[in-house]
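In the two complexes that follow, chain A is the common piece, with chain B as its partner first and chain C second.
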Partner chain A sequence: MLLPKFEFHEPESIEKALVLKKQFNSGARFLAGGTDLLVYLKKKIVSTDHVISLQRIEGLGEIRENESDLFIGACTTMAAISRHPAVQKRFCALKSGADNMGTHLIRNRATIGGNVCNASPAGDTLPALLVYDAAALVISPDGKRDIPLRDFFKGPGKTDLKNDEILTGFRLPNPPDHSGAHYIQLGKRKSAEINVVNAASFLTIDPGAGNILSVRIALGSVAPTPIRAPEAEAALMGNTAGDDAFNAAAEIARSRDCSPIDDFRGSAAYRRAMVGVLTKRTLAAAFDQARA
Partner chain B sequence: MKSYDVISTRANRIDTPDKATGKAVFVDDITLPGMLYGALLQSPHAHAKILSIDTTEAEKLPGVKAVITAKEAGQVKYGVSPARYDETVFAVDKVRYVGDEIAAVAATSLDVALDAVSRIKVTYEELPAVFTVEDAVKDGAPQLHDEFKGNLCAEVHQEFGNVAEGLENSDIVITTEMKSKRQDGAFIEMQGCIAEYDNRGVLTLTSSTQVPHYVQRTVAMVLGMDVGKVRVKKPYVGAGFGIKAAANPMELACCMLAKKTKKPVKMNFTREQVFMYGRARHRFHHTITTGAKKDGTLMALKHECWLDGGAYTSFGIATVYYTGSLLGGPYKLANMSYDGYRVYNNKPACGAQRGHGAVIARACFEQQLDMIAEKIGMDPLELRIKNMMETGDTTCNDLNMRSFGMAECIEAVRNGSDWDKKKGHMPPGKGIGMACGFFVSGAGYPIYRSDTFHGTVIVKLTEDGGTALVYTASAEIGQGSDTAFAMIAAEALGIPLENVRLASGDTDMGVDLGAYSSRQTLMTGHATKEAAENVRRQVLEVLSEQLNVPVEKMDIRNGFIEFDGDTPDFSALRTRYIKEHRGWTDNPDSDKLTFKEASRIAFLERGSIVGTGKYKPHSLGGKFKGAAVGTSPAYGCSAQVAEVTVDMDTGQITIDRITDAHDCGKAINMTSVEGQMEGSISMGIGEAMHEEVIFDNQGRVLNHDLAEYKIVTSMDMPRVKTIVVESDEPNGPFGAKEVGEGAIMPTIPAILNAVYDAAGVRVYELPLTPERVFHAIQEYRERTRASA
Partner chain C sequence: MKKLIQMTINDRAYEVAVEPNKTLADLIRYDLGLTGTKKGCDTGDCGACTVILNGDPVNSCLVLAVQADNAVIETIEGLSTDEGLHPLQQAFVEKGAIQCGFCTPGMILSAKNLLDKNPAPTEAEIREGISGNLCRCTGYQKIFEAIESTRS
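Here is the complex of A and B:
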């Protein structure tokens, strides 16, 4: 398995990258960390004559703390995300997703933009981005647009991104007080694992009454894309946070919010059962943080 | 106790500096002038007739130097054991698995070679294929080999004692099954080789192999060459685990391409091809019945096993025998029967892997020991102590334990794990379990029938004196054998390790059967010791003549000559030595005569001092059919305790701790012994927990990379406490015997027994994926609910 030949471009600005992309149209592919793209090229799952690297474009690899949100550049690596103080402090579910991805070597290269564009149902950062209600920031020759992450995934490997668009980064609104979030991935071994099921939950509570003010649950590997669990979320809204509510929500997520399939990594039945367990556990852990 | 200066220490390995700095040369580091690159055409079908092969387009491609198929390669059959040669280098009329070799190309670059391979046109007529043992033995199933009707590759039927009677006289009889999955060795270095054919007609194959000797013989046989014109050598090798213990078709094709092009040719497997080629551990399906008395005495064992063999025999004949014979111990057991069947099907062939044939049988049987213990209310550790063999015992199938530290091992893990405090007192979801095992220290016989020595070694002293050169054809594949033999030579000769240089892995250096069946430490070790002692004697003989002291009154230790009683006046010798070194600043001035002076004098008197050593086991074992498989000059044994946590909601298992004791006779290098123990445990955990080669319904491997074939990561590896037990094996050099494979035996059953202790479930199929364990827990809950 040798890497096929292609022409390699390293533009230093978004504008130049857009021009190059337009010039080669669908014949060109963007390269971030390359941990998906190069594997696909070697395995001949993808073929291309032109590879346009995004690595030299300034700003794409940065994390910026704004007043009400956190900007994470598309080319930020898992290692950089995991290390960042703001992520550690306010977005621990995302840190945990980044920490769980592949191996050290992969985490030093793999980017969050690549993980999202790869749109694997099992992607490790996707549930956290979903529950933090992230927006994908996109640019094209026609201008910019924001895509709520919820609407970004269209199928395994398929996204809302158009051929001439570049993903520049993500905006994650700062979580309010009395909120918490947690991510769990479940696989056969303890690391370097492709998830059998993964899930994240986010909730905000009223510290006095203890009822749930907002909640988001995201599930991976149990549908063609990572998904939110709308029915389970609806069942929780306004209720008193606690084991009873979480158990009930877990049961709804398990029975109504997911549509897993059998494959060589696991059966649909097991995946469905684990949706229940992970929903409950992520909610409970998020709740612990919210009341801490 | 004898005291030693070199062995028994934690000497640094002699290959560490080169490996740590990237200087160590592996096959892929080698490039030769004018070298071509080879590539294989492998079958995309699991079972098909080859109607025609058209290589014209491939040959036309610029840069292509040779294209060969069965037409050029001939149809010489080869394999592992001469009793069952069932392979040809290239498929002759049909292909039998996805990956079966059809043709090979040599070209000026790998790109061109691969391009050429894609231009070879093969017309196939697809045949129905079978992928499981069950389907392969059905009436009317597609047949793989005309000579072996019913796809039965081999069957074994043995009975020792009287099993029916033994079971009748038992108070408790337990029958269980155990199913495992096909493994991959997952060695770090994919197979690779370079063949060169010189102007005088000598073929040199440099290969990533465990067995230069067997590869040499196979190459000579298949290419129709004199063995003397074939030289096989190995550079550093990134492990093998049994998979590299025979010649592979790429090595043979590479030799043919070199012969045809008269240029060096290099070939490599990709990781995908490693999986396609297979030859690792079989998939086993055991049914075992064990009978015991109420007091725990084991009475009888009835064993049936079906082995999923794949398309060819490879090591399979040995495997199917080992699977039965290595249940004979480490317990006293008078009655044992075995019915083993190895079945062909359209998947890559399976072969030998660490713990050859015996690992899953033990996983089944050692669980039954725990079940028996539970039934009679006995501590499973006590049950094992009650039944265990002792030094000098012989199993019902004639395996003789000349040294056997089984009792010491069990006591060591009992104390090391705090067993007595923990067993029966683990909190919910946590469990503790144990198991034992034993393994050969080398096979009693070579793979082909022969009176050959199993190992020969040459030790030569450099003419300047002071350095010993050790030449052995044995195979350092990462396990540390070079270091072990350098240490043995240094010890036997009486000089420091730094004064020994060693070269290995080259058939020009002698005969050595290679690195398999845990044989080298004992066998090559013996030959090394004998060669070093021979050299030592020659030096002392010369000294004896010069100093008029009997040889028995002298010794060499730490590089100095020691005299029994008064030191004679050796000033004449020293003067003679120093005279030759006028102007040198480091002439000896010690009170003692140095080895360097002595060996220089020996050279001046006798010429080059060379000693040879050899080893062949004494005649071993029983007279029954198959007795040769399982007999060994010595057996290592071990006990392990595993502690686990089971997540009762997800089925995930965490292995918290493993305590391992192994009797290796005598640790030549303590650190290497521990390394083998830990390595065995990591491989055992992988097989127990997540390793399995998965196929689609066309016979293609789905997980042919190390992302999806899940070996143990550092995060999965528990804390391991290793305890080395030394029983001083009479048949071993300095008392040493195996550790490389025996240490894997108890790992899987210890984990299974711990899982039962933690979760109340017995799982009869591997690996213990969260999903499988989850379902077992669900069933258990339903069962207990129903009965409540």
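Here is the complex of A and C:
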């Protein structure tokens, strides 16, 4: 398969990248890891006259530990996320998502910014980013804005990003003490899989009384975008953490928070059933961590 | 417009002018004649085009040649020495891990990267380490045994 002809630009600063994007507008596409874009170009799913590589822009590929949050640059690869000590220690559900994406060869190129901008309902890092309450950091010629990740996805392959904007990275607030999070993906095999259903949960508990102080549940592959499960979350808030509460929340997530469809990877009914199972399991695993 | 890029492949320096829409796999095979790197699916699924780019194995069909400017690359041709085959290559021969051979260069480079970073991998780690490389002949077991026989 041949790649169509295009002009290649490799700006060394965000400012230069913004100028190029403004100049070529919708005739230009940003290139990060290339594991989606180059496939789409080869298969003629997208076409473009200009490819603007973000790879040589300093800082976009780094992970920075701040006092109250973790910054992950948009061009950080899945492999780099997985081996970063702060991710391993405090954001294990994100590590798990990064570890399960594609194959080890893909993970050495694919970036978190690409995974998010590709906006697949089944994206591997997306449920974890949602439950860690990540914000997408965006820059344009007009200035900067932060988009809460739950407002970022607008449809399959569609995001809130405007034509002249660049996603520079993500800010993940450090989880408070007595928190835990877990991610599970369900597929037919262990590698190179597109998820049938994927889910993540995050919990903070009061270590004395055992009640739930905060909770976030995110589901993938069961709606046009990765979603939070607001009704299940509402049912858990303030309750005593444990199997009874988790079973009840799983039932609500299954019946009210998702809208799966039939496709060749699985039926809507199976997906819905698995939302219940994965919600329960991710909550239980998050709870085990939170009280550890 | 062609762009002049420099790279080191198997310890040899190259300077080539490439079109922006040329992949690293095509550059390595057709311009540089290193045909040990195979092209299977061309979409990052099969791993036949695996090369080690700046220390990490990647699908060279999903890297633009221009992105590899100043890179250090290792292909299957870089493994053997005057003394003979690389121990992994020898193990693949001895264990019958090669049938048609199309996946073998990628398979060996993935295995080499695994063993370089983790000299004593578990069974699960070996299987994970080659999970990006598809083989339609062997059923993977002999490949697994070849890699297992060379771990420390």
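One rule holds in what follows: the second predicted complex is superposed on the first by the 292 of 292 C-alpha atoms of A that agree within 3 Å, B and C clash if a C-alpha of one lies under 4 Å from a C-alpha of the other, contacts with A are read in each partner's own complex, and residues count from 1 in each chain.
As a working rule, contacts are C-beta pairs under 8 Å (C-beta built on N, C-alpha and C of every residue); 3 or more make two chains touch, one makes a residue touch a chain.
Bear in mind that the values here come from a model prediction, so they are computed numbers and not experimental data.
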Report for A:A192: first if it touches chain B alone, second if chain C alone, otherwise both or neither. both
Is A:V277 contacted by the first partner chain B, the second partner chain C, both or neither? first
Can A:A79 be said to touch chain B (first), chain C (second), both, or neither? second
Looking at A:G266 after the superposition, I want to know if it touches chain B, chain C, both of them or none. Which is it: first, second, both, neither? first
Touching A:L2 in the superposition: chain B (first), chain C (second), both, neither? both
Partner chain in contact with A:G34 - chain B first, chain C second, else both or neither: second
So in the superposed three-chain picture, is A:N108 touching just chain B, just chain C, both, or none of them (first/second/both/neither)? second
In the superposed model, does chain B or chain C contact more residues of chain A? C
Contact residues common to both interfaces of chain A (with chain B and with chain C): 1-2, 103, 190-192
List the residues on chain C that touch chain A in their complex, please. 1, 3, 19-23, 42-45, 47, 50, 53, 56-59, 61-64, 66-67, 110, 128-129, 131-133
Residues of chain B that touch chain A when the two form their complex: 110-111, 114, 270, 272, 649-650, 652, 654, 689-690, 694, 702-703, 707-708, 710, 712-716, 767, 769-771, 774-775
Of all residues in chain A, which touch chain B in the complex? 1-2, 103, 186, 188-194, 196, 264, 266-267, 270, 273-274, 277
Within their complex, state which residues of chain A touch chain C. 1-8, 10, 31, 34-35, 38-39, 42-43, 51, 53, 55, 79, 102-106, 108-109, 190-192
